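Notes for the one structure printed next.
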């Protein structure tokens, strides 16, 4: 057996690169806030395929909740339903106790829900500054002075470390920078709830390590509740207080990350069901 | 970088455009504005051929040099007006001939008026053109002359009681259709079917069926070449029970006979001129023109070419006459010369009224018999007996 | 008043016209469905076919029906060259670019025909094909029947080519899933070229028919292209049998508009239908099925 | 049979694959395992010519695949069954299969291979005239594998054949894969279903975030607790 | 600040150069009336192209039927002036208003459509408008067209009388003024928050909605403003050419040439379409026509094809038609 990473074993890599569970501890405090988002029996069918099948869960104020599951489990579809990009087949979604299914994405944004996309979608013709400014201008309803908007934009740019790149066009940014821009834009709409769709995908391990504290700081400093889809399990373990696991469109686990890895159904979903083929 | 390229390009154009207008006394400068490309290209091209022939002849006859400038208006109103700007404003021509299509001649004649340049057209029949009373506007043919020939022949030579009129929605055909309908109704002829179709129509059967069901004696199609082809072919298939098929203009021409073969037989049409229809006094002129045309272009002249030829000829004569009278070619003298014109030509007597409209213009109504055009109306230009009832699709 | 026979006759004439419409638009619809290029020079390829047949008839008296293969081949060559020289290079750029490019090619070709063959309007007339036949008071001509048969044969021929032959299947599966086709060993770039050339061939077949049933002139192409596009949208991209139905709807609709309303609203019918379909059912009447 | 050396692929400036090297041994199943988003599919697209690599070398049977078009690579006998099956839904099962033999010219060989495929998946025989749009997930996967076989592959690339399939069906599919290998075809299997993949493969690579993190024979990988951790992030 | 990027600087430079050039052009042409009138047409086209580019280049919605709005504007003004005796200056305004209103009729249903379908729905609308103009004879005089449309009445500034009947040069400067008005409208709109929303919709309309942009309203505003500007130019055209028929007012030229000019000049710079219009007109007039009098359009078609294939970014550069590398499908 040989390992490719400087002779280190996987465990070494994991331990060396990631804070030990102890350091995550402060993050795993039970969230006690009021319910911010609630899905009840949410379903989406495409023809005969049940991409999302009767899923119910809650997200409380101040939480960071992860959504994981193998390819095709329905994660992105779930996000599209929550954020108004796809109409649901049945079920209900409540945001701050008000039903939001059927509302347009821009209305949802005004209510305080922002999302990022799995494949970054910056506006290529606009500078980083303009990308963020557009979000600051349109993200919240009600007229605000130019001054307020500009100070918002500058704050977001500083927080996301994009301030030095404000004048650049997105195509000239590196991928991690573009991922940051994606988040910055969502953040500039001053959301209560941030839906992050695989913000870490495509980043190398070092970049992921840099991104994690950033996500945590969003939660802490900006008091944003976060619901995030991730493929990279290790990353999500380090940052989420609670995870939802989807498989075949169904919610098969809802609980603490440390319990998830012991859960038989989760292991089966990830490693394959048959122990003896 | 790029900005520089643009500037450079513009400068090149500007320099290229800089052509100082030289003022030479000698030659007569004749301008032609006519469509050479676009929808009306075909007519414009024939017109220009006729004009070129007139120029050749004039140069030989009077030994005066003619500078001919031909500008394509691309069948576009803006370009038509722009061509006049170029001819009258830049090239400083003494007069302009040509112009095809009322929508092109309208703006062009306006522009010519601004430059006080005589404008003589042979391809625009709309009444509104002369209603403006421009002092520089002249034309050889106009709407009433066509309509009178058609309504007169239908009532008198054919004696039809009910007429179906189908017309192309283009301006000239729409106008003549209305005019003929009014004249026919005034003469007590019924017009139960009066319908407009769009250019590009290929299925005429539903329209022809309306004519059939209304029990019309005669079918009058005010259209253009494709419309005649379409209606005659479809009428043949439907075995349309009418006694006569009349077209507006451009029917029965050599090209028409060539393209339609036996199905060109017996059609009636109006024409200003076709081979052999010249009045006695102008037979010789006709023969000479046709011979020279064939020699020069290796084809038969159409009536449009003839009109072009005549306009070129009389315009040049007028310029020269006015110039001789005053020592220089002035628009005023040219106009005077044109207004005093009164001659017999292959298309009949030519003289202008104060609006520039032709005083004596009437079209002739002919019938195609064995591929030749036989004038049957008005009676004083009659060349042969009418065959009636007879329709092209009944011919063998 | 309009008699019942006339209504039936009008209806039939609309159907006949409609079948021919579907032939005129076949090449455009095919290319759009397979290569995803809206070929605005389609009408000009068709007119080229028409001129070939016309000259063969006028110079050597060749029956236009016999001229069909050569007409198709020449238009096919024009399409092939257009693709190789121009379109291939911008295959992956935006749809707008291909639209403008083919539009430019159309202008070029139309003006080239004008230079080569003058502005004269040409009609392909063959006497025996123009003879009328009568059935129960309803009239049709031999030529009409022939052209309808040809149109149907070409439409169904294409359909069977796509569903039965190896090359046809390759073209079809490339349109459905390009990667999967490449992974099955199909040279997808060649498929594009072949499909575009076939689009030209199909347009070329339409030309002589257009010349027989109506007329051809250098500028006649644009009108055909517009009609073809209306039909393609009406039928739904990729549906070849759907084109026949769409053609009939357009042909019959136009004919009945003339019969019951007024000839001047004929074109309006087509465009109103076009907009209505786009807005109500953008995928067309027959969706996307190849 | 297949040797990949220092392969890197980028989309724009996103490094999807960095410096990947591996080999697939003749006549056996080699597997590449990795969680979602680790670059498995991109790796295969690169091998089959659908994507150009930024750098590196791919050798198949001693021939360099550099600059070769997908159809040329197929002609060489390297065939991929793409992730998500990618069948042609409006075509019948039989038509889909026959199109797999697009580069094969002799009718006899096509017919022979067709009956081989129907032997392998007896279930498909009764459905051969059904449109692919109407089949179940398992059946689709079988048709997809069958279509690949119709091209007479020497090396078959399978991209997540277990995706979205019920465990019982997964077992059926893998049994067929083993038969295919027994018949002499080399298989490169890309999976996230570790258990199944390692139960059939002889050698495995773990791909993580675009590079190979671990490689070993299947037996030791099966025993290796790191594999599980790599997936679940302990 | 950082939002004044290099793109804007070059926009400014290009704007200044083109402005200077437009102002100086009549002098360069030594007030030759023919060339002046040719460039009046070029400027009308340029203005329409700038307006078209607001919708296409800024907001990302390509229209294939701007002739509809041009024609509506032209007919509105012509009818008001000839039939009801309005002042032509009022006609320009009314032409714009009706052009804008007309655009909403098609815009509201058509915004659901994407890419070429949207473009062609507008094309269909233009054809419908043309056919209506042909058939509503009581209003439009049908195919005979409206003749003798009054030119813009002379303006008297002190002792200076500016005449629009006889002089092409005054018309030239009026249309130049209109064109710069259109340019400024587009320029300031682009720099406003609405412009930000339009760029966002252009970039990606789903993402734009995700950050709170009302996509439908943004598109509607872009279309309406674009159509209004086009309508004003149509109205000017009516009083300049003084003759209108369905075929000239709704000519496909007004749908196609703005696109050609924009592609030629480059769509990412607002002044690009204007530069494109001038260069195309110049090439056609001074090069092709001299080269081949009756066949100059042949070169034009070929040039279009060549530019698209070998210089797809236009004179001032655009970003249309980029795809990610690596993917060689």
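By letter and in written order, the chains are A, B, C, D and E; residue numbering begins at 1 in each of them.
The rule we apply is simple: a residue touches a chain if its C-beta (ideal position, glycine included) is under 8 Å from a C-beta of that chain, and two chains touch if they have at least 3 such contacts.
Predicted model only: the values in this text are computed from it and were never measured.
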{"item": "Reaching chain D from chain C through chains that touch each other, fewest steps", "value": "1"}
{"item": "Chain whose Cα centroid lies at the greatest distance from that of chain C", "value": "A"}
{"item": "Most widely separated chain from chain D, with each centre as the mean of CA atoms", "value": "B"}
{"item": "Rounded Å distance, chain B centre to chain E centre (Cα mean)", "value": "35"}
{"item": "Where chain B and chain D are represented by their mean Cα positions, the distance between them in whole Å", "value": "75"}
{"item": "Chain centre separation in whole Å, for chain E relative to chain A (CA means)", "value": "44"}
{"item": "CA centroid of chain A to CA centroid of chain D, Å", "value": "31"}
{"item": "For chain B, residues that touch 2 or more chains besides their own", "value": "37, 169, 198"}
{"item": "Shared-contact residues (touching 2 or more other chains) in chain D", "value": "12, 50"}
{"item": "Multi-chain contact sites of chain C, meaning residues that touch two or more partners", "value": "111, 114, 179, 182, 188, 264, 267"}
{"item": "Chain A partner contacts - residues on chain D that touch it in the complex", "value": "12-16, 18, 35-37, 160, 162-164, 167, 170-171, 174, 191-197, 199-200, 206, 209-217, 220-221, 224, 226-234"}
{"item": "Contact footprint of chain B on chain E as seen in their complex", "value": "10, 13-14, 17-18, 21, 25, 28-30, 32-38, 41, 131, 134, 142-145, 147-148, 165-166, 168, 237, 241-243, 245, 247-248, 251, 253, 275, 278-279, 282-283, 285-287, 290, 293-297, 315-317"}
{"item": "Contacting residues of chain B [partner chain E, same complex]", "value": "2-3, 5-7, 9-14, 16-18, 20, 36-37, 70, 72, 74, 76-79, 81-83, 85-87, 89-90, 102-103, 106-107, 110, 114, 126, 128-129, 132, 169-171, 174-175, 198"}
{"item": "Contact footprint of chain B on chain C as seen in their complex", "value": "1-3, 6, 9-10, 13-14, 16-17, 111, 114, 118-123, 125, 127, 130, 132, 134, 139-141, 144, 213-215, 217, 219, 223, 251, 254-256, 258-259, 262-264, 266-267"}
{"item": "Residue ranges of chain C touching chain D (in the complex, touch as defined)", "value": "166, 169-170, 172-173, 176-177, 179-180, 182-189, 289-290"}
